[in-house]
Every structure is written in structure tokens, then in C-alpha cells.
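Per-chain residue numbering starts at 1, and chain names A, B, C and D are given in the order in which the chains are listed.
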Amino acid sequence: MDLAVLGVWIAAFCTLAVYSFLYGDNPVFKFAEHAFVGLAAAHVAVMGIENMRNRAWEPFVAGQWWLLGALIGGVMLLTRWFPSVRWISRIPLGFMMGVAAGMAARRAIESEFWKQIISTAGMKLDTLDNVLYLVIVLCTLSYFLFAFNDRTRFGGAIKSVGVVGQYVMMIAFGASLGATIMARLSLVIARLDFLFRNWLHLLD
Amino acid sequence: MDDFLTRMQNIDRRIIYTVVFIVLAVPMFKPMGLPLKITRETKASYDAIEALPEGALVMFATANAPGTQAELEPQSIAVVKHLMRKNAKIVFNPVAAESPRYCDRYREMMAAAGFEEGVDFIQLPYQAGGETLYVAMGTDLKSAYVMIQPGQYELWDSIDGMQDFDLFVDCGGGETQRWAIGHIEAKYHIPHITLITAVILAVVQPYFTSRQFSGIVSGLNGAAEYEVLAGFPGLAASGMDAQSLGHLWVIFTIVLGNVAYFITKAGKAAKARGGGD
Amino acid sequence: MFCFLVAFAAVFWVFVRRTAQGLPSPIRRIGGLDALDEAVGRCTEMGRPVHYTFGIGEMDGNVLASFDVLSYVSGQCARMDTDIIVTNALGEVQMMTEEIVRAAYVNAGKADSYQPDNVRFISNVQTAYMSAILGIFQRERPGANLMLGPFFAESMMLSEAGQQIGAIQIGGTGRTIQIPFFVAACDYTLIGDELFVAGAYIGRKPLQMGAIYAQDFGKWLSLVLMAVGSVLATMGINSVVTLLKK
Amino acid sequence: MKFVRSSLPIYLGVVGGAVVLLAYFLTPKLLQDLSKWFGEWRMTLAAFALTLGAGNLLRIHANRIRLKRESFAFSYVLIFFLIGYIVLGTFWGRTHPLYSYIFDNAYQPLSATVFSINAFYISTACYRAFRARNLQAAVLLIAGVVVMLGKVGIGYAIWPGFATVTDWIMNVPNSAAMRGINMAAALGALGVSLRVILGLERGHLGGE
């Protein structure tokens, strides 16, 4: 049996092993699951090691001194393995959290908040659809107002607008689900195609 | 009867799964040839590539992974083939840990068609970092890829930064589209088209309406449409029938569940009013 | 936009100061967060663990917000002597959650019951993560499944798998596209911003309450800008958009 | 020492976050350079963290074997593939034929199949969720079924309007509601991030 054929058989075994879980947990699935988690972790670690080498160490040796910061931080992270000095790893962690927050803030404000205001505020209310669009955006956003007391008349009004928003969101969620089901089916189609065509040769 | 109706409300999931298998498998052997409607998003993507000048410089960033390959791979192959027809110079950029293997295949495809590695196409190394990487590319492409030595690739040496590109293709089923428009499109305004899984179309579509994306190819449908437009009969079109049939089965179970639910509820209400058995 | 950011930060600061001095703080109720205690309580009764996950997304605002909830939930678990299993997909989030869960146990006076092996790194490969969770659900049978963070396609699978083992489920994410899946399969769903205010809602610390007020300020501002802007745009005056684009 | 232990991580976070955020608006060269470096550092640190994660996995499964937990035999399988594949990838490289062979014939089919389980799960989830138990669920159901019918040929055969209504639902209510949710969530994310950037967040890293 040549290697390519063996490969197809291995792949078919893997496919069926995973699908067997749909019936119930079983040793074959357990084997596939553990093998897969191991392989995936290894693949990521291999990528990580490669990145440390070509992203930090090699350019640093080639004269990009500022990468020293990353190397020191990386070594500090490694202190996690030693309980007595594990607190050191919090230092680079704090830095990572800060940079992550900075990035998140950047994207949140520009493309997800500001541009959306501009796009909505520039909309001409000359069709019924546009009026509706604006009203829906306003209602949905009102649902997310938190700091008010719903026992006052004003608060009660906000709450009722928010309830309208809630119903519109249900329309949106229902529509998204409906639109998604068909797409998800294509994932199985690709696997069946593999089983019937490449493995069993039932299709040409 | 009541027993039957209750059971229709709680069909064993294994039965549902088995039927899903069957209805997806049958059309593979007996295609029905249902018609295909081409959406404006796919058409716009096709037009964007068709409008490129000969030898245009394109970045093909991909986050393709085994989980998304069923949808993204047929799309990617169709788009790369189309780019090859335009003699585009392509920089493949795997942006997820599992993506380099896919880029390898596109490169093999190009090399087999007589394109020269290093001159007509290159593949950048994968780097961890996600959004950070997109920020870095937008800030300074060359220093984001410090590990590529000058002189290593002729094509890479001729590029100064993102502003040199004529088109940015972003392929992925996750967050990369937003990073691409947030950090690259926002800054350089080069045309962007995106290849996505159908699931995320709803969130990506507003960016098409706002012209931040010039085109969207979404899901297996998008791939099939693209194949038809570009004239490469391929993988995607053959799966469309199975998809429709599976879809009908799901609709059927939903209707069944609701009908049973309402009959039972009506029955209960009648009993509560004191009706006989 | 920069002006907005500065204004937002300033409002934020002012509200933090003012709530620190004690401002009455009415907040509307959020069902999904009220259910957290119910979830932990149910696990305690049944003698099953609580499962907590962030999904596989990058460390972003969702994760930062979810840290607050994890801190609270693991404190509750420590007090009630219920195990909490945290599964992670990112190296840095793994390290952060180790710190948080450990601290929660220490603060609850139960430092000895903290089990490091229950805070688990699985994989940042989505599908490997999913398959491991399917296994954990079948074998360790958590009684509650809390999914708060930046979720991708794993949302559907995790919530349906949790449903199959009869766990009480709370899902929440700011990644809009995944919310419908949580709505379909979870008992409670935190929609978008509801996750981000979770910390304030549970903790009611002045700092976090200040954040809620500042966010509400931002929302009011955008409501007004959009309404006024489009009315003016209809009349042919584009001054709001021009102003915003500066 | 107390400063280094409990406050330094927070201040480093403040500096990191503030530099990255401000560099988006302000142009001084130093700020831009710093922001670029910080981004590069974080990418490298993320690589370190990932590798550490693999170590955590190894430790947990080694413990399972040591304590003879339920079905610990499978932990041997995991450790075998983990170590074997790392050794192969690190010393012979990812381009080694055996590495690619395993990737193509085991890793990739496993991954694709696990993902495709979503198709089955979504069908049962919708079967349960799309039931008109109350008014909200009814709204969810109606929108869902109309869109589902709008996506397939038979829907068109029943009533040609399904496709039009689907387009309308996707473009008006769906798109508008998603925009509202997104905007609120963006503000939420901004609020959470600012707490870190302004150094107000002390809970997570400040403990002993």
C-alpha cells in the first residue's frame, strides 16, 4: 500500500472517529480527541518557537536592539514554572494587558463607533426604509442604557423604547440563525465528498 | 396520539442527525441542478479583480484553517486562478497558525502554471499576534516582516509599504476583515475584497454598504457564483443541491415541532375548560 | 474623534470620582447576571463543577470584561466548595486566569482548596479546543456552563453540547455575530454591552459604576448626533457629518 | 519590592496602553516608534505565552497519569503526539515531508470534521429554539423561517416574495439592530479598556 493511499485511510478513520461522537462518547473518539489536541498544541508550539527565533532573536542579533524588551519580557514569562518567583511573570502580563486594551480601544472607537455614527447621521430620511433603519438603531441602542431608574416616568419611557429594541433584536437574531444553517451544512458536504470521492471512490 | 405529539416535540437528536447525513449524501450521487442566483457582492468582487491592470500587486492575506476550508478553499482557488489570469503579482500572507499550508498549495498552483517564485509571487512567514500584526502592517510593512532579508525576494524588495498594493484580499471566517479595514483600508484606501464564511456575512455586509469593502465572496454559494462568473467549473457548484435539500429537512423539523406544540397546547386548553376526552 | 475620546475619558474620570463619594446608583436589572448565583448554587446542590470559558478570541475588551465575572464566580465557587473548571485558548489569558482564580480562593479564605489543574490551557486552535470541550462535558459533566468572552464559531457547539448534558447555561459576547447562537441554545444571554457592564453590575464598585455612567453618556451623545444628523441631512444640511469627520 | 510586585505590572499596562492608543491620534516620531515596538513586543510575548500553554497541557496530563485519573491512558496518546510533533517540527522543520503528511492526513481531517459537527448541532438547536413559546420566541421563529425559505428554491416556488422579504429583513431590521448592538458594545469595550489604560484596574494583577 503506498503512502498516499494510507494517508486517505488515516484521514477517513479520523473523520469517522469524530462523527462517532454524534452517537455518543466512545474510546475511538477519545483517542482521536487526545491525538488531535496533542497535535494542535504541538503545531502551535512549533510556530511559537519559530516566531521567537525569527521574530525576536535573529533580528536582535542582527542589530535591532529594541527587541531586547521582548526578549526580557519573554524570559520573565518563563518564571511561571518556578513558584517562588512566579510573580515576576505578572510584569510582562501587565504590559500585554495594557497593549491589548490600547488596541481594543483604538478599533472600538474608530471603525465600530465613530464611523457608524457618521454613516447613520448622514442618512437622508427620504424612504420608509431609512426612517425605519434610524428608528431601529436608536431603539436598539436605548436598550443598552443602564443607568436610570425605571420607576420614574422618564425611566419608564426609556425602558419601553428598549423593549421595542429587544423585539427588533429578536428579528435580527432569528434572521441570522436562519441565514446560517445552510452555510453550516456545507461543512458536512465537504467531508462527505472526501469520504465518497477520495476514500470509497463512489464519485468520479 | 398525545404521546406521538409529545415525541414530535422532542425528536431524538440522533434521528435528526441521521436524516441530515442522508439528505446531504443523496444529491451527491443524483444532482438536481437547481439554479444559481449571482449576488451583487460576488459580482462586485469579480469586477474589482477584472478592473486590475496587468501585473497589479496584490496582497492575499488568509486566515484559512481546516475548520473554514469547506467554504474558503473553493473561493480562494477561484480568486487565485482569476488573479493568475490577470498576471497579478501576489504576496501570500498567512495570518493564522494553520494557514501556511494553504498558501503552500496556492504557490504550487502558481508555480505549476509557470509563474516564478520570488518574482511573481512570494509567501510571507506566519506571525502570531492577530490584530497586532495588522496594526504593524499598516504602520510599517517592512519592519513588520524584519525577518525577510533584503535581496531574498525581488518582489519584496520592490515594495515599500502597503500603499504600493493595488488590491488587498482578506480571507477568513473571523475577525480579520475588521482588522483589515480598521488598520489598512482606513489608512491607505486601497480596494479591499473579502472572502468569508457565510456565517459572518451579516456583520461584514454593512462595510460593503459603506464602501469599505469593494466586494464580498461569502460561503459555498459565493464560491459557486464566482466559479460561474470567472468560468472555472469547480468544487463549489456541485455541493449546492445537497445544501438546499439539507436546509429543507431542517425547516421541516421546525414546522413539525411547532405544529405538535400547538396541537398539544390546544388540547390542554380544551381539557382545562372541562371538555371530554 | 480625538475630542470625543478625551471627553469620554474626562466624563469617565469625573463619574468615578463622584460615585466614590457616593452617588445613588440605579441600574436596570440584567437577567443573565442575576442568574450567576443560581448557576453556582445549582452546581453545589448537584455536586457538579462549574465550567467557565472565554472562547478562542484575542485578548480584547470582551476578555477584560469577563475577568470581572470570573473573579466573582470563582469566589462564589470557593465559598460554596464547588469546583470550577476554566478552559483557555490563549497563553496570556491562561496566565491571567490562573492569577484570578487563585486570588479569588485566597480572598475567600479557601487557599487550600484551589486546584491548579482545573485552570486548563487547551489550544488556541479552534477545533482542537472544541473537541477537548466536548470530551470534558461528557466526562466531567459540569452543572453550569458559563461562556463569556470573544466567541467565534465555537459558541454554537459549546452551547449545544452543554444543553445536551443539561447544564444551566449563560452565554455572553460583544461579538455580535455569535449572539444568535447563544440566544438559541442558552438559558440566559448577555447581549453585547451587557457583558461589558457585568463587572460593575456584580461588584458595584465606584470605579466600575463610573464606567457605566460614562458609557451611558456616550450612548446619549450618539443617539442625539444620529437623530439630529439625519434630520438635518434630510433637509440638505450636512453639518453634523462634516463636524464628525474632522 | 511591594511596588515591583503589585504596582509595576499596572503601570506598565498604563504606559503600553496609552502609547498604543495615543499613537493613533498623535504623530510625534518617538510615540510612533514606541507604539510600533510595543506591538512587536506583544507579538513575541504572545509566541512565548503559546509555548507556555503547551507546557501547561503537558503538566495537566502528566498529573492525570500520575494520579491515575479516569481514562488516563488517553493522556499517554496526547503526550506522545504532543512531544513527537514538537520534536519533528522543531528539529526537522515544518517543511519536513512527515510533518506535512501528518498535517494533511490527520490534523486537517480531524479539524475539518470537528468543525462540521456544528452543522448537526445547529440543526438540533434551531429545532428547539424556533418554537413559538412566547411572543419573543415567536418573533425569532417567524424571522428565522422566512429567511430560511428565502434562501432556497422551494421557498421561491411557494411564494416569490420570500426572497424579497429576506433581503429586506437582512438589510433593514437585521443590519440596523446589529449596528445598534455593535455601537453599544464598542462603547463597552472602550470603557473596559480605559479602565486598564487609566490604571484604574487593580483587581487582576495586584494581588499577592
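The rule is simple: contacts are C-beta pairs under 8 Å (C-beta built on N, C-alpha and C of every residue); 3 or more make two chains touch, one makes a residue touch a chain.
Keep in mind that what you see is a predicted model, and the values were worked out from it rather than measured.
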Ranked by contact pairs, first place goes to A-D
Look at all chain centres (mean of CA atoms) and spot the one farthest from the centre of chain D. B
Centre-of-Cα separation between chain D and chain A, whole angstrom: 3
What is the distance, in whole Å, between the centres of chain A and chain B, each centre taken as the mean of its C-alpha atoms? 15
Chain centre separation in whole Å, for chain D relative to chain C (CA means): 14
For chain C, residue numbers touching 2 or more other chains are 1, 5, 58, 60-61, 64, 92, 95-96, 99, 122-128, 131, 134, 139, 153, 156, 176-177, 179, 181, 183-184, 191-193, 197, 212, 215, 218-219, 222
Two or more partner chains touched - positions in chain D: 21, 39-40, 42-43, 45-54, 57, 71, 94, 103-104, 107-112, 114-120, 122-124, 126, 128-130, 140-141, 144-145, 148, 151-152, 170-171, 174-175, 178-179, 181-185, 187, 189-190, 192-194, 196, 204-205
Per-residue multi-chain contacts in chain B, two or more chains: 13, 17, 20, 65-67, 69-70, 97-98, 127-128, 130-132, 135, 199, 202-203, 206, 244, 246-247, 250
So in the complex, which bits of chain B are touching chain C? 13, 65-67, 97-98, 130-131, 173-175, 199-200, 202-203
Residues of chain C that touch chain A when the two form their complex: 1, 4-5, 25-28, 58-61, 63-64, 92, 95-96, 99, 122-125, 127-128, 131-132, 134-135, 138-139, 156, 177, 179-181, 183-184, 191-194, 197, 212-213, 215-216, 218-220, 222-223, 225-231, 233-234, 238, 240-241, 244-245
State the interface residues of chain A toward chain C in the complex, per the touch definition above. 18, 21, 25, 29-30, 32-33, 36-37, 39-41, 43-44, 77, 80, 89-90, 93, 96-97, 100-101, 103-105, 108-110, 113-114, 117-118, 120-126, 130, 134, 137-138, 141-150, 155, 159, 169-170, 172-174, 176-177, 180, 184
Residues of chain A touching chain B in their complex? 22-23, 43-44, 47-48, 50-51, 54-55, 58-59, 64, 99, 103, 106-107, 110-112, 115-116, 119, 175-176, 179-193, 196, 202-203
Residue ranges of chain C touching chain D (in the complex, touch as defined): 1-2, 5, 8-9, 12-13, 16, 60-62, 64-65, 67-68, 71, 88, 90-92, 94-96, 99-100, 102-103, 106-107, 117, 120-128, 130-131, 134, 139, 153, 156-157, 159-161, 163, 174, 176, 179, 181, 183-185, 191-193, 195-197, 199, 207-208, 211-212, 214-215, 218-219, 222
